[in-house]
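The following blocks contain the structures, represented as structure tokens.
First chain A sits with chain B, and in the next complex the same chain sits with chain C.
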Partner chain A sequence: MSRALWAILLVAAAALFPPAAARVFLDTPIEREMGTVQKIFYFHVPMAWCMMLAAVVSGVAAAVWLFRASRAAEALARASGEVVLVTGACVLLTGPIWGHATWGTPWTWDARQVSTALLFLVFAAFVLLRAYGAAGSERLAAALAVFGALDVPIIYYAVKVWKTTHPTTDVVGTLPPSMWRTLFFALSPIAACVAGLVAVRYQVERAEQRLDDLYLANER
Partner chain B sequence: MRGLRQTFLLAANDARQEARHLEVLATALFFDVVVLTLFGVGFAGLSAAALRVALPAMLWLAVAFVGTLALSRLFEREREHETFVALLVAPVDRLTIYWAKGLVGLVVLVLCAGLQLAGLRLLFPEAAALFARPGLLALLVTGGCVAYVAVGSVFASALATDRTRGVLLSLVLYPLSTPILLFALVATRALLEGHPAAGVYVGQLWALAVLLAAAGALTFESVMVPARPGGRSGRRR
Partner chain C sequence: MRTGSLSQQAAAPPSGDGYEKVVGRDLRSIELERQIEARAAAKTASDYAHIVWAYGILWSVVALYVLYLYRRVLRLRRDMEGMLPKDAPP
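== the complex of A and B ==
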């Protein structure tokens, strides 16, 4: 992963965010039933997509680390796992605000809400284990990330297989073109920011690994 | 065929130890009875409608608590007797350790779930609806227990090793097992309400159980024994 990549991604995110926000609030029509509060959709949905993608990346990288002891994969698993926490917190914050305005209650214990909260909890456990676990708990944390990534299809299909209050996954396809174009425009700065954060954490993790290696070499 | 024989040999060894001391089974069943008593005391005043909502949660919460206790004890016993390392270096496929421990854990958990169901039936007449389709109920309980044991065995085994036992199993296992409980709760509620799609929900639970068992089997050896950089040479086939 190039060292300049994170800077490019974060600069791109900063540059894209103002036009995306302007497009969401000024150029996209207000939804008839929900009103202005529906605008949160343009941030909540991309954030949820990024959270699920980061969880899958973390799970796959953790599996690669478990099977091949690749330290680059270990760093990527840790970086993505931490980003799942950040994006998950944003999803769990924006979702109830939207829910409160549309359903009259912020939390309905709907299957998708619960499975999203669980994904957040699993990766919180992953980050805690990596940060405070005893020596040898890295493999345990990696297995946790692998099983945590299995929660992603459950989140996706929760609205398809169970009756829930949450909008289904088909809702994006039913949006008027002006709305879904805005949704994908809003996705670009969020995705760039998330990818940039993963890249930054990956670089820091790799640097820590190199430092550990140097320390051990010096000890010998 | 050889792996199957090894699995049964290891499971028989655990079952023999269990038959001699009844350590895991006795503690798990006792804990089950304590939980049942607490449910009886705590929820006796609930209305029939509230009980129909609470009963599935009572069953699966008890399974989760008892499962954590039984699985951790199953592996902790090996560590205390210093036989875990012997098990790892024994001339058996390491995956058979996972299947054998899982099998014993499953038997304990199914017995505890059976006791829990019988107790709930005794304490709350509303639970009788669960027994209207006994075959489906058996499939539901077994499916939930298989899924729980599939995840729990991987993490209980990892926590039984010296270096990581300080980390609580519950910290790791409860967030991971909640999707299982979610599937199981939906299926149990459907069964309790006599919903025509109850069979479909039980099928979904089994699909999850198979997926988790496959993931557990894939990760078990790597969690127990670190891989060497660049490949699987640290692992044994």
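== the complex of A and C ==
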């Protein structure tokens, strides 16, 4: 990943956010049942999508590292894993705020909430283990990332399998065009920002790996 | 000075002195409308408070992570400079 890539992604995110926010608050109709608070949806849902995508990327990269010992895959797994924590924190904080306004309670212990919290905790364990684990703990951490990625389909299908307070997965298709177009427009700055953060973190991780190699070469 | 409620004014008999009778809405409708408006205003205010909290927290989390990355890059740069030999060209 080149330096230009993350710069382009972060500049694109910064450029796209103001028109996305303007579209959310000025051009999109207010939802009839929930009212103005439904505007949280336009950033909460894309953030959740990005969280799930980052978790899958981290899990797949960790599996590649386990089987092929690729250091690039290791760096990608760590970078995406940290971004899962960031996006997961955003999802787990904005969701209860929205729930408090619409359901009257921030947390209902429904299957989607619990599986999302589980994903966050698994990746928190992964990040902590990679940062502070003893030598040899890398493989356990990678297995945790794979386990975390396996939780993504559970989050997605939780609303279909169990009775939950969250709407079903086909809710986006039932929205009027003005709302789902805004949703996808709002997705663009969030996705660009998340991809940019993964790219920056990946570059930092690769540089740290090279630095570690240099230290080891100097020791010999 | 006007006295009495609007409903009393509306129910006043025709005077026949050239003045046109004012037919207002009854007080109950007005009060009900004001209650609904007050409730809607309170809901909108509460909604905006929730939105400000949600967006504020969301972007604060992202900003904190950017700050963490920035500090990590600075530390990495310091470590790299420390690896260079003292007499190396800048």
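Quick note on the criterion: the second predicted complex is superposed on the first by the 220 of 220 C-alpha atoms of A that agree within 3 Å, B and C clash if a C-alpha of one lies under 4 Å from a C-alpha of the other, contacts with A are read in each partner's own complex, and residues count from 1 in each chain.
Quick note on the criterion: contacts are C-beta pairs under 8 Å (C-beta built on N, C-alpha and C of every residue); 3 or more make two chains touch, one makes a residue touch a chain.
In this text the structure is predicted, and so the values were computed from the model without any measurement.
When both complexes are overlaid on chain A, the residue A:140 reaches chain B alone and has no touch with chain C.
After overlaying the two complexes on the shared chain, residue contacts for A:47 are found with chain C alone; chain B is out of touch.
When both complexes are overlaid on chain A, the residue A:77 reaches neither chain B nor chain C.
When the two complexes are overlaid on their common chain A, residue A:208 makes contact with chain C while staying clear of chain B.
Touch criterion met: A:98 reaches chain C, while chain B stays clear of it.
Of the two partner chains placed around the shared chain by superposition, neither chain B nor chain C is touched by A:195. By the document's definition of touching, of the two partners only chain C reaches A:39; chain B does not.
Residue contacts after overlaying the shared chain place A:68 against chain B, while chain C stays out of touching range.
Residue ranges on chain A touching chain B, taken from their complex, read 63, 66-71, 111, 114-115, 118, 121-122, 124-125, 128-129, 133-137, 139-140, 142-144, 146-148, 150-151, 154, 161-162.
Those residues of chain C lying in contact with chain A across their complex are 43-44, 46-48, 50-51, 53-55, 57-58, 61-62, 65-66, 69, 72-73, 76, 79-80, 83.
For chain A in complex with chain C, the touching residues are 35-37, 39-40, 43-44, 47, 82, 86, 89-90, 93-94, 97-98, 100-101, 193, 197, 200-201, 204, 207-208, 211, 214-215, 218.
Considering their complex, residues 151, 154-155, 158-159, 161-164, 166-167, 171-172, 175-176, 178-179, 182, 186, 204, 208, 211-212, 215, 218-219, 222-224, 226-232, 234 of chain B touch chain A.
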